[in-house]
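Both complexes shown next keep chain A, but they swap its partner, so chain B is in the first and chain C is in the second.
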Partner chain A sequence: MKNFNWLALGFLAPALIVITVFFLAPVILTGIFSFTSMSTSTGVTGGEYLLNQSGIRALADKGLNTATLDQLKNAGYVVDEKGLAALAERHGVATATEMRKLHENGQFSSRRDMERALKSLKANKIRSTKDRKAAAELFKHSLLNERFPTESKFRTAITEGGIPLEDHELIVTQAYTGWVWTVDNVKLLFSLPSTLRYAGNTLIYVTLTLMFNIGFGLFLAISTFYLPAKSASTFRAIWFLPRILPPVMYVLLWKWLTWDTGFIATTLSWIGVAPINWMLDTSTHAWVVVVLINGSFGASLGMILFSSAIKAIPSSILYASEVDGANRWQQVRYIILPHLRWPILFITSYQTLSLLTSFEHILLSTEGGPGRATEVWSLAAYHIALDNYGGNLQYGLGATFAVALVIIGIIASLFYLRFFNFNEMVAKPKIEG
Partner chain B sequence: MMTISILKKALLASAIVLSTTAAYAEDITITVWAGGSNASDSYRMDAIEMAADILSKEQAILGNELNITIEKKRDFGGWSEFKQAVTLAAEAGKAPNIVATSHLDIAPWSEAGYIVPIEDYLDLDAWPINNIYDNLLKIASFDGVQWGIPQDAESRPFFFWKETMSKIGYSDADIEALPAKVQAGEYTLANVLVDAKKAVDMGLVEKGYGFYPRASNGPDFAQFYLSYGGVLQDPATGKLVLDKKAMTDMYQFFVDAVAAGITRKNHIGTDGSQWYADVANGKVAMWHGGTWHYGRYTGKEGNNDFFGTIQFSLIPAGNEAGKANTITHPLVYLITNQETDRAEEIAAQLINIASEPRINTLHAIKSSHLGITKQQSNIELYSSNRWASEATERLLPHASSQPNHLQYGAFSEALWKGLEASWTGVQTPAEAIKEVEAELKAILGDELIIR
Partner chain C sequence: MSHNFRHWPIITILTIVSLPLIIMFAFQIIDTFTTHPIDSMIPNKVTFEQFSFLWDEAETGRANIWQVTLNTFIFATTTAVVVCTVSMTTAYALSRLNFPGRRYFLGGLIILHAFPTVTLIIAIFLILQIIGLYDTLLGVIMVKAALELPFGIWIMKGFYDNVPWEIEMAGVQDGASRFTVWWKLVLPQVQPGIFALMIFSFLSGWSEFLLPQVLAPGNDAQVLSTYMTALIADDTKIDFALFKAVGMFYALPVIAIYLIFQKKLMNIYGGGTKG
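Moving on, here comes the complex of A and B:
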């Protein structure tokens, strides 16, 4: 430990904390969530034990025997000795006596009926609603709709309710409201027909956008390189705009451009073209717009990196090539592009990974439409986990979708490393060896 | 001895005074969050504030000092942000005491333990709950438990632009008779296709503006499934039902509407403001919406003669298998699980008072919703409002609702996905149904009945 550099750790600490909190923890948690049945209805922090009508129905489907089912279903409320004794203790013997007279051995299927029975007391009215509700509970036999915080309490309750021991396991499993460990999400992922579509969409999206990003970024970098310095920086600044605009604003501009009442439709209507929504008319329109939105956004990064890389090429090489009679194309082909191999690798792998997981521009523009044609994997994960009109968000399934994306990302990175021969590229320069 | 006894008495008296003040001066803060609400829905929260005032006064008469502070919030991005906010707050143990939300949230939220049944605190046989329409109360219950109290009612009518209808050959008397014909099943969605096409062909409305549906997922589309004889929930078992024939017919209706040029293929995702502007001023021949649209059409969109320009009816039947219908999707007041029972109890009392016909009428009329209690028809503000009374009479008796079922969200998403794919021409209805069926089978398993 003598050589341990505490100062270095101190300097690194903020970065380590940020990485842990904002990167590692979410990834690990997503990994954990993906093997759970977590949803809005299970909650995140744990569950309790509850039998309700839906639960009874599910138990019937799972083959619980009818006698036990009836027992669970029909226990209800009974005016028995135990209940009357408790009533006498709380509201006096007279109340209990009157109750006995009116309803001895009475059975009520719901609490409301039980409360009505208590309301029928004449001489000994229980006037407050709160007291009457509490009194109704004294006659309760049913386990339905009661939440038990722990398994042991629930087991005790069903044992007291006279449920045969052999049925306990099935009932306890069904009654648990929290999430459980499961691989069902993975199975579901492979069995849902939409999975393939999302995968296909993602492939189209990443490939086309990447080609646009790199191609256009390169084009901008090389063309501005040959421009006079001043106009070059103006052009670069213009192409940098998409990146510095807030995404909502940037996509809104695209909407104004492409809507059926937007700029393109209006302009074309002057030459007699019927207005259409240039963003959502067909899936082809949607894809073109999605690629353009993301591509123009991403191209600026490539442009900046490639431009600086080109500037790093010793100008003597370029001069020498001109002396040798090389034209611009030959300069690009034989001098510039070979020097840009490393930045191209970087941008390709970086953009692949970020495109795989980024969906904000699609969400804001087409929202995956028309008809889910541009619903990419990450957007689907978002929709499943965080957006559902009916209210039951599927956190677990959404996490499984996200984890699949992480795995694909890792495979893609490994592929790039191999494809671009990363080791050779970062090998120590022989000249200094 | 005497002095001691006096001293004792004095001490005792002051102790009693002190203890009563300590016991009865009660300060409590109740937070109310309302989803999907804008300025005209302010009474969703203000009613609770009024209730707090009444409850404090009631308690003061009993000699209890109860100071209730109401904190209100309705600025959420949209429904999904609202639902995320509520669930995350509940997970963190900081849930608002009262939420006004979709009744569809009852199933998942009750299962998760975020909410507690309102029937634990209120006498359902007493005023004003005993005056609330039974079908609305039922919508606020799940698995036989009364979880919430309906906050408002609404219904989703079909609209006709009168001028366009008369230009395609309907006399004034015909237009007046339309709602009855729709209800009787004599005017169906097939007629909608024909009439809307006429309106487009005659150049009365632009292509794609003959029939103008809702532009995003919502309960509205389930109505068209019912129009073709679909059933959402099997009454005997409580399971969800996918009626393939009805669903295919319903998808086909939208496909036909696009093919006939009366509905735009890329209609889904149309901007909300544009949508309202289009329908409220005659740019569209027929459309469907909600009873609360009345406020928007006559207010922001500036239609000063609603009844002179617009006719409304149930959603027409699609074929003989189905009938004219409408879905009501009331918001409900729910109380959340809190650390102390007292906070839940007071929240329940406040909801009870806020459901008084007179207080609820303020919301109903201000936001163009329908009332929740029968007695509202005896309140001048309500009964003198033509829209509220006519819409209540014409629509509410035929209103059904979406089922409170744990998996209904997944069901409705799949239904919508399939509709979207057929509507936009990405898949044929048959292909879409095949995918919906596979998807629902995988997700719902035993909880789905396929017909």
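Moving on, here comes the complex of A and C:
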């Protein structure tokens, strides 16, 4: 019986591979990304070194002295191959050759010095001052807007530009366009006022939707339980449809109902109410619609589970209560609800977790609007990292938002495992056990 | 049950609270086949014009509807097949075979189940870009199948758990290998489960919106959900009749499949959440 483990391994292998690639790797990477400054502009793989106008401004903000800043902007003049080639093109090869002989690799910090060097040409004089000025420009060596593929090339360039050594670190860090390790995301998470807002929105969303789900699921399950089979299944089918319909389609129906050209607006206009967008007019409208959309979707789950739990109640108990003269309310209160304690507990915990992380319906309906009134945590993570108006997708910050959800998810599921009797689920196999 | 109670008060209340849904569903059907005056809801003409997107040439910049439908079909079918195949073996191992660390696999499975799309999608987005499967149907299929897998395994494990041990013990007693026992004796027992999972994953793939939206936004790998979203997001013309017709075309297979396989699917909708 030794080869049992091999069989198990073979049976598990495909799932293990898939889970490693698409669960473990992403979770670990999300954790890693959350400590980086990764975004669209930094790219994912790596970066180069580039100082531009905004980089200079940032350096000034970080307290780099003005002299160095000026030096960065006009790093001076170098008689190099590039400049000589340009000179040859404009003033002839002879001029360039003489220039090379006199000043090859010469460095000049100001234009005046550069022009003086050009004046020193004997055989091939550049006569007009204007031409000399233009020729001097050919040797200008600015660090601005020039791309350097590696750090060492960039360092060489700023050394040649005469930048004091003590400022190098700051400039190199600023000029790097790739992503870097940072804890700024976590700091941002705790300092941004919008974080609190997203957390608050999530709390509102989860609480209200959960109440709607449980309350309405219970109501549907109990009320259809008392109906004849045919009408019961009709109502169950109506309330089950939101779960079957593709979300895009389901939300479209709500849009049709609530938009300013939609059903509610049109019907109310018959009695003289000016049409408004009932989904997005104010944040209250938005919240009501969001809770209704998600609630109607979620209530079906409660309805199914509660219905089957009610069916499992021995009918003799119900008959006995009727013989004893219990009215319907008493039956619900003292027989059915106590029997539903575990299903209610289960749905509450299960749906809390799903609601914390679900945002598809909100994305499709209000997109977090109006303003950011209905932007919940998970939607914020999505918006920051994968779809924002600015176009600069901040993978790092989004990942930090997602990590917060991962942590909550793990804690919650460990809690469930304790709570819902894990040991029974993993009972040992009986053959080789 | 409870014949000494009257039904009509419940029916009335239920009808009132269900009214928004009933109105939505009713007008979904009415509006797709009729036109109505601008400020009225009452149809005045029967028409099939809303469905002209099916045979008219696609507008510039928009994908062809049949190509999109084919994509959606490939996406849903492949996802379903992959999920079923992998769940079939993995769930059996978890349910019936003993191997070191089995407890942790099961615990891990439940924890995986608790990882929602949003916590993974940022990293998956970057992974797909690095391995070059971004904006391809293949990439989205792989991701979707992977994300459905914990659920599929969990469901299949439930079905395997219900197969009596005696069947396998008899097989092993008669000298069959565990593999043969699984293939010849156990699999036929869980066939309804596999079938139900297949249908369920197909529907789930057919309805999927977020993954194609994020991982394959281009026209080539477009599926019906993203096609429809792009149509609605286009502010220049808001034409609910057209949206609804496209929606009808999109949702019809789902509803048909659901009506046909209702009983089988209920096993999953009800049981899939027990974990």
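Here, the second predicted complex is superposed on the first by the 246 of 433 C-alpha atoms of A that agree within 3 Å, B and C clash if a C-alpha of one lies under 4 Å from a C-alpha of the other, contacts with A are read in each partner's own complex, and residues count from 1 in each chain.
Rule of thumb we're sticking to: a contact is a pair of C-beta atoms (placed from the backbone, for glycine too) under 8 Å apart; a residue touches a chain by one contact, two chains touch by 3 or more.
Worth saying up front: this structure is predicted, and the values here are computed from it rather than measured.
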If we overlay the two complexes on their shared chain A, which of chain B and chain C does A:112 touch? Say first, second, both or neither. first
Would you check which partner chain A:386 touches, where first means chain B only, second means chain C only, and both and neither mean what they say? both
After the superposition on A, what does A:44 contact: first (chain B), second (chain C), both or neither? both
Kindly classify A:192 by the partners it touches after superposition: chain B alone (first), chain C alone (second), both, or neither? first
With both complexes overlaid on chain A, does A:364 touch chain B (first), chain C (second), both or neither? second
Is A:296 contacted by the first partner chain B, the second partner chain C, both or neither? second
In the superposed arrangement, does A:350 touch chain B (first), chain C (second), both or neither? second
Who does A:304 touch here: chain B (first), chain C (second), both, or neither? second
One more residue to check, A:27. First (chain B), second (chain C), both or neither? second
Chain touching more of chain A, residue-wise (chain B, chain C): C
Need the overlap of the two footprints on chain A, from chain B and from chain C, as residue ranges. 44-45, 259, 261, 386-387
Sites on chain A touched by chain C in the complex: 4-5, 7-12, 14-15, 18-19, 21-23, 25-27, 29-30, 33, 38, 44-45, 216, 220, 223-228, 231, 235, 238-239, 241-249, 252-257, 259, 261-263, 266-267, 269, 292, 296, 301, 304-305, 308, 315, 318, 322, 328, 331, 346, 350, 353-354, 357-360, 363-364, 378, 381-382, 385-387, 395, 398-399, 402-403, 405-406, 409-410, 412-414, 416-417, 422, 425-426, 428-433
Taking the complex as given, what residues does chain B use to touch chain A? 79-80, 83-84, 87, 91, 102, 104-105, 107-109, 111-114, 117, 119-126, 142-145, 207, 217-218, 237-239, 264-266, 268-269, 271, 274, 345, 405-413, 416-417, 420-427, 435, 438-439, 442-443, 446-447
Of all residues in chain C, which touch chain A in the complex? 1-2, 4-5, 7, 10-11, 13-14, 17-18, 20-25, 27-28, 39-41, 85-87, 89-90, 92-100, 102-103, 105-107, 110-127, 129-130, 142-143, 145-147, 149-150, 153, 165, 168-169, 172, 178-179, 203, 206-207, 209-210, 214, 224-225, 228-229, 232, 238, 240, 243-244, 247, 250-251, 254-255, 258, 266, 269-270, 273-275
Where on chain A does chain B make contact in their complex? 39-45, 47-48, 50, 52-54, 57-58, 61, 110-112, 115-116, 119, 129-130, 132-133, 144-145, 147, 177, 188, 191-194, 259-261, 274, 276-277, 279-283, 366-367, 369-373, 383, 386-394
